[in-house]
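Letters are used for the chains, namely A, B and C, taken in the order the chains are written, and counting of residues starts over at 1 for each.
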Amino acid sequence: MEFGPHLMLASLEGAVTAAILALTAMGLSIVFGVMRVVNIAHGEFFMLGAVIAWWVASLLGGHPAIGFVLALVLAPLIVGTLAAVADRFILQRINYDPDRTIVATIGLLYIIQQTTLMTFGPEARPVQPPFNTRLALPWFEYGENGFAMIWPWGLSITSYKLFVIVAAITIITGLWLFLTRSKAGLLMRATQQDSETAQAFGVPVQRVYSWVFGLGAGLAAIGAVLVVPIQQAHYLMGQDPLLLSFIVVIIGGLGSLPGTIIAAILIGMSDGIISVFFSPTLAKIIATLVVAMVLVFRPQGLLGKSEG
Amino acid sequence: MTNQHRVHLLHFGTIALLALLFFVLPAYHVGNLARIMVLATYAIGYNFLFGYTGLLSLGHALFFTAGMYGLGLAMTQFGLPSAPALIIGLIAACLVSAVIGFLALRTSGVAFMIVTLMFAQAGYLTILYFGTYTRGDEGFVIQQAKRVMFGIDLSSEVSRYFAALILFSICFLTVARIVQSPFGKTLIAIRENEERARMLGYDTGAHKLKAIIISGTISGFAGAAYALLFGYAGATFATVQYSIFPLLWVLLGGAGTTVGPLIGVIFMFYLIDLSSSITSAYMLIAGVALVLLAMFAPQGLAGTLRKRWFKWMP
Amino acid sequence: MDAMTILSTRNLTKAYGGIRANTDINFDLPKGQIMALIGPNGAGKSTFVGMVSGRITATSGDVFFEGNNISKLPAHKRIARGIAYTFQITSVFTGLPLRENIALAARRKLGSDKAATDIKVAQVLDRVGLTDRADMIAGDLSYGHQRILEIAMGLAQDPRLFILDEPTQGLTELEVENFIKLIKSLAGETTILLIEHNMDVVMKTADQITVLNQGEVLAAGTPAQIRANKAVQAAYLGTTDA
């Protein structure tokens, strides 16, 4: 394949990564934005989502679409509830003290991960996509007869991957409306602005925190349900999304939702593109170092304003 | 008895006790304790930065493996004897921590954690990428015949134990001394209130950089010693897990106490040793321990002892 | 700027985005004097001393200390030249004993000379009357004592210029009286730049007063001159009962 079509393919793969990453990172960003909590266990909520998707699909049998739709509803509910419980019984008890919260969520990370290892096992398990038609993609080339449309061999994407991109956009738009238009969203934003004043005005801050923590985890779970037909469920799969989400949240400017989405697109696309053109290990090294350098030299994030 | 006497008694008593245990404990536990002392040295390095300077790094595995691979590759690839290889390991750890410190210290808080984590991750991937020399995840063995220093075979039970004890004692006493010095007290001041320390005229940036270099070099010393004493270097030691371990040990034992790292490693080592005979998911214990620590004993074992009874503990 | 001027600023300006907190401040502080910096809330007093001490980077303009341009120096180097700074919002090492707080302040200059540090700490403790509390953890002290500790940390540095940002805020009447005595006892030893709201303290201690209003110098002179100044009365004194 020539460079042009190759780049287009890489961009499409990148867009899928970006879509999943945007969902997962949004979850982390909301939790950080509203609660100022650094949740190291976020990647494990993602992993749990994937494992639940596999579990629902394998219990139901029948057409993969039934299990998929059910998982899309159940996984975020179960994971969100679990997270809200963890918030209520662990994080609230330590008053969200920054250092202790980090320690506690590292602990949660291992508890969730190792419990999954004990029950789900160490194997990677696939989940059937609900539909998976291969769509060939055209490419335009300037030849003897002016522009011509050609169909390069290998330039294609599955319908499911396109669906992931559309689904992510839909969910994020829905979340946006929820945060800006609904009463619950208003309570969240009030808490984010100033939790003490919000409390004084009768906002049930503790309950808002539990909901936010659950919502953040639920978003990660949705991302995982969407990705699992492409990637397989595995008990260690939470590590990469955790790291990438953190990068996205920091580069986007801590707690800023538009920044998070832009950074997710940036990181997801470049991750996809770099890994098509380089050996995966080298690509990861380069990507990791580049992002680390961005963090080092623009610690306020790409969209954040520098002081003074 | 003045507090200074108590401190000396505590430190030299700890070392004497460790020496004595060699003659008392059964062989299995002697072997464990040699490993524990090397890992405790790693924890001492970590504690210097986290416990005394207040910087939470999630990338110390990079410094540990810089020492480990510095020594290991010098011996296997360049055929150097163990003593110069050890020095190369130390230099490697010192340089890596200086560069990472210089870069990462431009950030603070969460960003510092993530940046150190990412540099360590890049280091881990680099070890995998150069698999031809490092043999990646599988790692490589350092031949028993080569593990000799000053004519002493370090692979034998006795010499390994006492080499580990010497390593531990050097780092333990050095850190204990530094944290009682004006420099160490300034680091504690930075941990407590950096802005105030700066406005007392201390160059806090330079202090923190020195702290990272000292911390990283001690961690690398431990890594190099691990490769030398146990004859193995592998990429596993570069994973995130090995950056989280020292945090866990130090928190369990008591951050910002001199004896905390050793106590933490002993507890966690035996906790995992016992649980891994029951389940392969032994890190579950670590997870539960972390949550319980965060909830009920944020100051760790030695920290709680100090708060309750022994206020003089350094 | 003559040899007797310890601190001066020329056209010192700070802008946050488009908003100017300080505009072209020209300020001279004669050596050995007690200078009070007054002005309504938001007049830019803390911004000004922040730029002098280096906590806040100036947008433009220069700061001279003992004749040298220190505008480019980071905060810790300015402090090391002999400036001490106490925070408006109490900022002590709350987790450390009171004695160690003061020792940290003294040690930067005395280095590793333990004996000299101990003597200095004992002197300062005695001077501010906190000797009997020396081994308490600073965070366990009362608010008033923490404020005094903050001042003690400044004293322990033996500064040639001592900047105090609202030191009497929140102190009881008795504590304020003691503070006035302490400041007066320092006259001649060091130069003092005092941001203060309490006009009683200002009138009892200051040799000179500079009035800031909306980020600009409104007036400067002796307490009597300031009292008589119509512009000051209109902008500031008129609005308070002083």
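To be clear about the criterion, a residue touches a chain if its C-beta (ideal position, glycine included) is under 8 Å from a C-beta of that chain, and two chains touch if they have at least 3 such contacts.
All of these numbers come straight from a predicted model, not from anything done at the bench.
The chain with its CA mean position farthest from that of subunit C is A. A comparison of C-alpha centroids places B closest to the centre of the full protein. In terms of their C-alpha centroids, the spacing between subunit B and subunit C amounts to 43 Å.
One simple way to say how far apart two chains are is to compare their mean CA positions; for subunit A and subunit B this gives 34 Å. One finds 50 Å separating the Cα centroids of subunit A and subunit C.
Residues of subunit A in contact with two or more other chains: none. Residue positions of subunit B in touch with at least two other chains are not found. Residues of subunit B that touch subunit C in their complex: 181-182, 185-186, 188-189, 192-193, 195-204. In the complex of the two chains, the subunit A residues touching subunit B come out as 38, 90, 93-94, 97, 99-104, 106-115, 117-118, 239, 243, 246-247, 250, 254, 279, 281-282, 284-285, 288-289, 291-293, 295-297, 299. For subunit B in complex with subunit A, the touching residues are 56, 103-104, 106-108, 110-111, 113-115, 117-119, 121-122, 125-126, 128-129, 240, 244, 247-248, 251, 279-284, 286-295, 298.
Subunit C meets subunit B in the complex at residues 53, 55, 74-77, 79-80, 85, 87, 91-96, 100, 103-105, 107-109, 111-112, 153, 157.
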